[in-house]
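Would you mind keeping the following structure in view while I ask a few things?
A, B, C and D label the chains in the order they appear, each numbered from 1.
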């Protein structure tokens, strides 16, 4: 039972391992050069999957600030900075949640389900606020004193990293295909053992 | 401007690469001078950096002005300042050599070749100076992609080998990436120093994830550096690629990977973790011993000059991996010193192989037939490199062996000492076989011949662009041998805080 | 080889599963990756520091702009590498492999008309994706790929040479290089203005607005550079691979 | 510790011949000028060495540190009695050999003479470097340099035979030095952590256990394979493919003597005689040397090729020196050191004679030399004197060193080894004396009946004959005036002989 729970909690990691191993097997064992390259793509994609799943947070959305948060920031800059301390105040937090829920309803249709969640899990958000007060990162450097909850958004960093990894994957695949084409031009085949056979029998 | 030197190290070759690629189509002749100029500038930048490091200690350069861990930093201490100088210098010398060979060996793709060459140099320099684990991956891939292409420009065999390299290299780099991901998942950071701090702060010594991260990163790098059982891609690709390509890749790519391994072990995981908590014991040293012996035996079996040399690289990689895992300060010093000296030694012999190939068009070791008469200056350069690989004082190779053997004895790894000695002897056999052929000719005459007066064979030396790098390399080998004390002082300053001397194991 | 491959896979898989035991649960907000100051800083401070609401764009083009510059270089490298490997210049064409090289296609009315309609829309969308990267998913890479796709579509609909009339090889490469120069130019400019490489903050001297705006605008600039390179190299890779390096006929 | 002064003379003495390489190469077009460059360098070198002699005899050592190459470890020179003795021998004989080289090489019209002369000079530098080394590291450095610099000399003919010989030569010397000496040296460095400076009484005592000391001793003694101790002796006969001047200077004097010199250095300077005595480990070496002496003498008896016979004789004589040191008694050690000089003078005479015979008559085999004494009386007279010296008979210097060796053996109470000395002396006589005898008194009655007249002589050219006369004369002089050599040697064991 525990095992199954563990499996369920981390099923994404299981999935990526399985996919990755399929890719790795193809890279190592397949004879056809194109199949190897396909394996390579599968392999790299599995790693991307892994990374992206690191960044996932329950009930968080894509790492782009809401329209109101952006505008709220301008407000905060122009107006008072005094509400920083007020975060400890629970009522204030509740207001914030209510405000947030409305934004969801109005501006971001995409996040309809998100808003739902927020409504019946209000205390979760409070916890989160308290927590990030303790870790006091939200306020240390912010001149604007933005009202941003880190748990509201997914981790942007892994997305950036994977954008890079995707680009690298594409580039490698391209070069791999080019080499395969050159080999095909020289040997007339893309089966590795046939190429090796040709090399062994001479005519260098 | 000196505080900007770290970034200039790679900006010069990198921006020039783009420029060469663009300009090449119109003015191909400009490619070579631009390449040389930019690499020369890069050497100056590395030297400036080195001097600064020696004066003020570790340099931390925040790219984009963002303090780590939020931004990427270039972190340069004694270790990578030295390696950066080495990389820039080797690239510079290799580039000089390329001049007369590129057109004939790469089917008139000079500009592309130089652009890729510079990008490779920039990638390797970037790997060396960065302080960010993920940034290292990106640069690793730049270096890898350019390597694949530089090799695939060679003949048929090289193309296939390049493909193999591509597959293996991708596996290696992906393993590294995965390892970095594992570290990220447990520490939340990508900055090398910060990862180390987080590992300690969060008490992650026993985490199986971190252990696997270490294994993945190490194995990934082993693939990239062609550590023995994972070496299959190397011999053919370096042996059959264009001589110009292999004269930069053979000295640098494997060495830089070893640098990365040292960096990972010391800076990211920390010696206490890598050697004490994990304690793979002697396994790695034994693997290194096997690598050394396998490389040496493989080299003995070769008739092809460059292929023989590639097997020597495999043996040398064994030296360094073993040296790192001796867990001894002298051994580590030796391994790091060997990164530098081996880069130049390998460059020297590969340049020689290239010159011989250029002159005779033959690949096997009999191509050197009678070269003492025909190309005496070339042979002098070669002999210095060969002596260094054998380990004859006062060349650099002797001193790296000196430190490595000391490390082996200190830590009681006699098997490593013996392997090192055997490999020196094998190198002696290999190189004296070549020297013999060059001296006696392919089939020496029976009985005495008394040539009257001097010989009729005309001296026909290699062109100056090939001689300069060869002799330059030879001179450097001697210099870093004679001045090894100063070099080692820098290395030991770097190693001091890691407290390896306590004999962790 | 098969057995060896299987063995490698099994060992690696086993190792990875070992590691997985120690992972935080999926979506756990308290996992180190999510709770460490690094990602929290990005989420909470990005806007304050750069006034870009899309954190991914900000991290990509600013905090880790150095990475991204090399990411662009990776693309560029791939383009040059493929040319280096495959491209056959001038007359020294080797006897080709025995495959039939396709001749020029006849223009097909339906396909051509559709393309004529679609391509401007695609390109417009690509520009939007690039430009709006600050506020929505998108950016130089995405936009560049879409833009490149429009040229590939052109080549597919007609043939390679037709597409090359619009974007000849040299111009393509120049475009790619200029893209990187734009990116690196921002870096060099900040070097010259006394900051560190890619420190957009010091660009206030030449970009109107305050420090945040300088960051924001520079990011737009580098994204455009990235888009240039990606567009160019996408098409370059396509044309090299599809014509086997001859740049004549393609599929 | 002896008093010491700092002076760069040892360095200059070492470099004198190295500096000659450049003029030699530049003057390759005109042989006469080239040769004079060699002589100038030779006399400068000899002069420098001699200039240090009074200081050394006065009991003061001369030091010079060139360059600290490793932490704790520098390339440094120090001249003491033993080094001076060896330096004198090597530098004086170089001049004579150079003269001889001119006669030999020109007489045979050898090719690539410039290369030959140049490498000869390099080898000499290495030899002097070994002689004046202050520490083990410097010693090793010059030892390796010598191995490599002599390779082109050994293989000078560049034919198949030379290739085989050269291969054997290098593979023995390099494999033993890299395989044995290098690890032993690094081990010593690690254990003592010192600069490995040779010190009177050694510096190893107290740093290693008995077992380690034994292993180190074996590694060093056999590692310096130039000493020709069996079973690492085969390179020496193989190296006889070299032109005779090489054999003469390098394989009777420089190279092999460097080998035994290193062994003596290790015994006296690294281990220290006292330490070896307490450890009681030198006996193995003594017996190995004794074995080598007897076996090589027996082999020498069977050789018909003159140079090969001399080569095996050398192997035996070298082992005298090692045996003497391994006996550990003061007198035997003095005998060993003196034997370096005495044997050098004797053996170089023999080799030069062999070369002169080959140049003048083209004969290599002893069986062909019947009655040759009538054609080459001077050469064979010198040969006989050389033989006497090597055997250790009066009126030659060989007697002196043998006397010390034998009495040393008595001092050490090694009766069995004493017998070895005596038996081998018989054997020496048996393989050397008949050559000279048969040359003057051939078996063939026809040859015997030919009358001798100075007009019929066919000696080699003057540059060939003059040096060998001088060395034969030296052998006689050393019988009368051996004292300064013994004094030098005596400095090393703490009293004046």
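Assorted remarks:
Here is the rule we use: contacts are C-beta pairs under 8 Å (C-beta built on N, C-alpha and C of every residue); 3 or more make two chains touch, one makes a residue touch a chain.
Just so we're clear, the structure is a prediction, and the values are computed from it rather than from any experiment.
Any chain touching subunit B that also touches subunit C appears here: A.
Distances between chain centres, each the mean of the C-alpha atoms, put D farthest from subunit C. The interface with the greater number of C-beta contacts, when B-D is set against A-B, is B-D. Computed from the mean C-alpha positions, the centre of subunit B lies at a distance of 44 Å from the centre of subunit D.
Each chain gets a centre from the mean of its Cα atoms; for subunit A and subunit D, those two points are 78 Å apart.
Between the Cα centres of subunit A and subunit B there is a gap of 36 Å.
The distance from the centre of subunit A to the centre of subunit C, with each centre set as the mean of the Cα atoms, comes to 18 Å. For subunit C, residues that reach two or more other chains under the stated contact definition are 16, 20-21, 23, 31, 33-35, 37-39, 41-42, 64, 67, 71, 74, 77-78, 81-82, 85. Taken residue by residue, subunit B touches two or more other chains at 134, 138, 141, 145, 148-149, 152, 178, 184-185, 190, whereas all remaining positions touch fewer.
In subunit D, no residue touches two or more other chains.
Listed by chain label, the pairs that touch are A-B, A-C, B-C, B-D. The part of subunit A that touches subunit B in the complex is made up of residues 24, 27-28, 33, 36, 40, 43-44, 47, 50-51, 54, 157-158, 161, 164-165, 168, 171-172, 175-176, 178-180, 182-183, 186-187, 192, 195-196, 199, 204. Against subunit B, the residues of subunit D that register as touching in their complex are 67-71, 108-112, 140-141, 144, 148, 152, 155, 157-163, 166-167, 170-171, 174-175, 178-179, 182-183, 186-187, 189-190. Of all the residues in subunit B, the ones that touch subunit D in their complex are 387, 390-394, 399, 401-402, 405-406, 409-410, 417, 421, 424-425, 428-429, 432, 436, 439-441, 444-455, 482, 484-485, 488-489. Listed in rising order, the residues of subunit A touching subunit C in the complex are 6, 9-14, 17-18, 20-21, 24-25, 28-29, 53-58, 60, 62-65, 69-70, 73, 128, 132, 135, 137-138, 141-144, 146, 148, 150-153, 155-160, 163-164, 167-168, 170-172, 174-175, 177-179, 181-182, 184-185, 188.
Taken together, the subunit C residues at the contact with subunit B in this complex read 15-16, 18-24, 31-39, 41-42, 62-67, 70-71, 73-74, 76-78, 80-85, 87, 89-90, 92, 170, 173-174, 177, 180-181, 184, 187-188, 191, 195-202.
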